[in-house]
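Multiple structures follow.
Below, subunit A partners subunit B and then partners subunit C, in two separate complexes.
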Partner chain A sequence: MIKNIRLAYSMLSPSLLWLLLFLVVPIVMVTVISFTTSEGYGGIIYEFSTHAYETAFLSSMYLKVIWNSIVWAFSATVICLLLAYPFAYFIAHAGKWKNLLILLVMIPFWTNLLVRLYAWIILLNGEGVINHFLQNIGLISEPLTLMYTPYAVILGMVYGFLPFMILPIYSSIEQLDKTYLEAAEDLGANPVKTFFTVTIPLTLPGILAGFIITFVPAVSVFVVTDLLTGSKLVMVGNVIRDAFLIEMNWQLGSALSILLMILVLLSVFIFMKFTSSKDKKFLI
Partner chain B sequence: MTSEYMVQLKNITKKFGKDTAVNELNLDVKVGEFLTLLGPSGCGKTTTLRMIAGFEKPTEGEVWIDEKQVAKIEPYKREVNTVFQSYSLFPHMNVFENIAFGLKMKKTGKDEVEERVRNALKLVQLEDYVNRKPKQLSGGQQQRIAIARAIVNNPKVLLLDEPLGALDLKLRKQMQLELKHLQQSLGITFIYVTHDQEEALTMSDRIVVMNEGKIEQVGLPHEIYEKPVSKFVADFIGETNIFECVVSEFKGDYAYLDIKGVTVVTPKNDTLQLDESVYMSIRPEKAKVTLTKTQDTLLSGTFKEKIYVGSITKIIIELPNGREMVVNEVEDDLIGIKSGNEVYVSWQPEDSVVFKG
Partner chain C sequence: MRPKTKKILFVFTTLVFMFFYIPIIILMAFSFNDSKVGTVWTGFTFKWYGSLFSNEAIINSVTNSLIIAVVTTLIATVFGTLAALAIHRYNFPGKQAINFLFYIPVVIPDIIVAVALLALYGWLDVTLGIATVFPGHVAITISYVMLVVIARMAGLDASLEEAAKDLGANEWQTFWKITFPLIFPGVLAGALLAFTISLDEFVISYFTTGPGSDTLPVLVYSMVRLGVSPEINALSTIMVLLIVIMVFATGRKMSVSK
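And now, the complex of A and B:
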């Protein structure tokens, strides 16, 4: 037995080492730096201080930005879910087209999000494709402000992270044993009732997974606000980046990162609690 | 006036692409009957069941349930319920919610749901398990819950698709009897699919033997066993000795059959013709082995071996033409017999069955 455990650990060691080096060590570093004293211009004096946290909490700006980020990311995630579920359901039932459709979902990953967001600038811009079209058909006389709004931010996030939602939901629908659906139908449930009483509950693990892996990157993204609002709107990701790279205030950047991490963990935890209260054992 | 038949299959055919699963099948199922569709895997029995449930639509032909053509009735509106092979209990619901599912879909009142679920659980003897999740139940218990979930809806027909297939032998035997008693006390028409011939013989009022999408024989269990109409049925149901033979002579009430040099006798019937090639079947338990020739002796052969299987002893005999034959003896009278000894086989001609294909 002991030999087997050793073997198991030695097999795991490359991934454990990876996690240690690139997850645990950076988090510890960021945590430590957040409690040090700033020397100005990026220098770190290793003296305990809670100054960075005081700045974050006392200025309503930072809390507002974090709140906005959570609201926008949450909205984008919910929209992703509403779009992704029917789409994933469709793919899972598409027979021989399944693999092709999944490929189409994956293809955008081959290009950087930055590049793909530039395409949206061309579409949304005051002189962009959409405004041009609407003016030409006479629906509007003045160009609409499509960019520089929270809606543009949410649109960008939905666009960027939709595949993260589709894939786990698709796999849970795909793996759903079809005899459960037949059993429901056999017991008198019409297709709509079957969907809500059987399909949705049994694919909840996929929905949860999709929700988490969409929400987490969405809440900390900064390229979307940069490109689609020309940095007029900011998310916490922008603030953290600017704290490190422009203000050279590593303590504040670190403190905000830690706060964001705690808030994300908290909201994921609340979300899971909320959706799985009835069936914890089944879901976990 | 209500009809004598609960389910009628009128010339139904089901094709999956180029494969024909069910081929021009006609069947009438009587009200309150326990009918079994029996056959090897791939014979079309499950497809037939699924067409009654509505999960498959017949390529041709009509399904009638309680005097109504059901082609346009979706499965969720049909008054039939199914017990699935894999049980398919909803994993996210407890036992109560599983059983109450069908009643809730019909918007039954809360008190009535409560009462009917309790009664159904009482019928399957699992009253104390209402709050369990399917995962927390044994295979046999899941099976009972699946049955309770179906019968609680008072279906006109209960369809059972190899429901005991996953249980061990002892539990399966017990469940066979329980199901049979349940069916008798509820009076619901049962259509049961199995490939297990013993199960079919134990439980059924009537058995439909299927092969390659067609019905080979419909009959009472003892008819199927004692009077198989084809080689397939004789071979599939129970153990038997089948001989290829030629009708060589008619004498009185008997026909003489030639099994490659050995002559046996069988009751004459009108369809037999001289020099016709037919098959004759004799069940191992209908034949008898003796060490000396008696007036009933029909064959002689050499003793090869005996196999003790508990309740009976199987005796394997090699016939002069090289074929082997099995005879079951309840008491082993052949003490001291050695391989190669000559023995004599007899049976009542009336116990043999002759068929053409």
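And now, the complex of A and C:
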């Protein structure tokens, strides 16, 4: 028994050491840095200070950035859900086509996000495909501003993260026990009632998992605003990036990172509250 | 489903697929356009593909990405598989906490992992380069390998190992003759997942790489920031085609979410 415990720990130790050294310790360091004093241009004085948090909370600019990030990411996540559920429902009931159709979702899922955002730059920019088309058919005379707007940001997120919503919902619909649906039908429920009182509640774990794995990357992304608005609009990810790489204000960057992490952990916690432990497998 | 519902859902699903694919198809089409600027079709050409292969920065970044992905895959697969075996087989104090630790990279946004590593390297005063990228990649992929291998083990018949031991095999022989061949498909799937995640990863690479050692996604990012160019279209087309080949070759094995 003791021998087994020792063996288990020695098998785990390479992973644990790696995760401690390159994940846990660095995150602790960021937490510490967020409470230190800035010396200007990247300097750190190890003196306790809440200055970075005060800057983040007292300046209306940072609060607005955080608020925008939440609103845009949340809107994109809701749109993803509305698109993903009927889509996944159809595929799960597509019989022999099911596997091929889900492979067609895997292609955008694995295609690099930057490449997929670039595809939208070609469509949306001033001399882009959409403007060109509208001008050619005479609908508009001057190019429309399609990029550089919050709509472009939300569109980019929906396009980027929709597969993240589809896959867990698809797997929960596919694993749905059909006998519940038959029971509801036998007991006299019509298809609409069956859908809302049986199918939706039973696939709720998939919906919530999809919500989390879509919202978390969406709220922390910076490439969508970078590429589709040329950084004219910013999210919290952009501010963190600029604080670390351009302004060298590590305290502010760290404080915003910690706030983002708290936000993400809170949303995961809410998700955990909603689902029983056996349903958490959809998270993976 | 009633026929009418099915028809509406069919149209809806088709529209969503068009939303997914039309931008990508247009992107690919313009990689064959003769004109350097704009979106006017002026003629068919392969020249952008030619200039791609003579572009040293691209060749370099592909080499860097492959080196990082191979190193990441080797480390993450060995470490993650060992961890999966330990967690699946044994009960030990602290198992819950350790399980929790493996979920951190799955839920924490990549930008946090990235800035945290940057802080660590800054504190250690290390020069950034290829060698500072893969530790982050390993940290996020170990968990995925572990979870994929564990999922594979859940379906393992424990009596096979018992039978081997009853027939006189020792622990070591049982592992190599019975357990490992049985979990090998899971290990392979985990390795493939780690390799793909590492190749695709942008945020951690962007923060932890140094000048002159861009990975392919980092290079794509800086090219795209400079504006539309048919060379990026050609590069993107090749990347998409490789994903198409990979997805069809591995089938549903990869349908584990990132």
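FYI, the second predicted complex is superposed on the first by the 240 of 284 C-alpha atoms of A that agree within 3 Å, B and C clash if a C-alpha of one lies under 4 Å from a C-alpha of the other, contacts with A are read in each partner's own complex, and residues count from 1 in each chain.
Just so we're on the same page, a residue touches a chain if its C-beta (ideal position, glycine included) is under 8 Å from a C-beta of that chain, and two chains touch if they have at least 3 such contacts.
Here the structure is a predicted model, which is why all the values come from computation and not from measurement.
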Now for A:Leu259: first (subunit B), second (subunit C), both, or neither, which partner does it touch?
neither
When the two structures are laid over each other on chain A, which of subunit B and subunit C touches more residues of subunit A?
C
Name the contact category of A:Ile79: first (subunit B only), second (subunit C only), both, or neither.
neither
Applying the document's definition of touch, where does A:Gly237 land relative to subunit B and subunit C: first, second, both, or neither?
second
If you stack the two complexes on chain A, which partner ends up touching A:Asp177: first (subunit B), second (subunit C), both, or neither?
first
Classify the contacts of A:Gly188 with the two partner chains as first (subunit B alone), second (subunit C alone), both, or neither.
first
A:Leu202 contacts which: subunit B (first), subunit C (second), both, neither?
first
If I apply the document's touch criterion, which positions on subunit A are contacted by subunit B in one structure and by subunit C in the other?
191
Contact residues on subunit A for subunit C in the complex?
4-5, 7-9, 11-12, 14-16, 18-19, 21-27, 29-30, 33, 42, 83, 86-87, 89-91, 93, 99, 101-123, 125, 127-129, 132, 159, 162, 164, 167-168, 171, 191, 212-213, 216-217, 219-220, 222-223, 226-227, 237, 240-241, 244-245, 250, 253-254, 257, 260-261, 264-265, 268, 283-284
With touch defined as at the start, can you tell me which subunit B residues reach subunit A in the complex?
53, 55, 74-77, 80-82, 84, 86, 88-92, 101-102, 105-106, 133, 149-150, 153
Complex contact set, residues of subunit A against subunit B:
177, 179-180, 182-191, 193-194, 197-198, 201-202, 279, 281-282
Considering the complex alone, what residue numbers of subunit C touch subunit A?
1-2, 5-6, 9-10, 12-13, 16-17, 19-21, 23-24, 26-27, 30, 37-40, 75, 78-80, 82-83, 85-87, 89-90, 92-93, 98, 101-102, 104-113, 115-120, 122-123, 135-136, 138-139, 142, 146-147, 151, 196, 200, 202, 207, 217, 220-221, 224-225, 228, 232-233, 236, 239-240, 243-244, 246-248, 251-252, 254-258
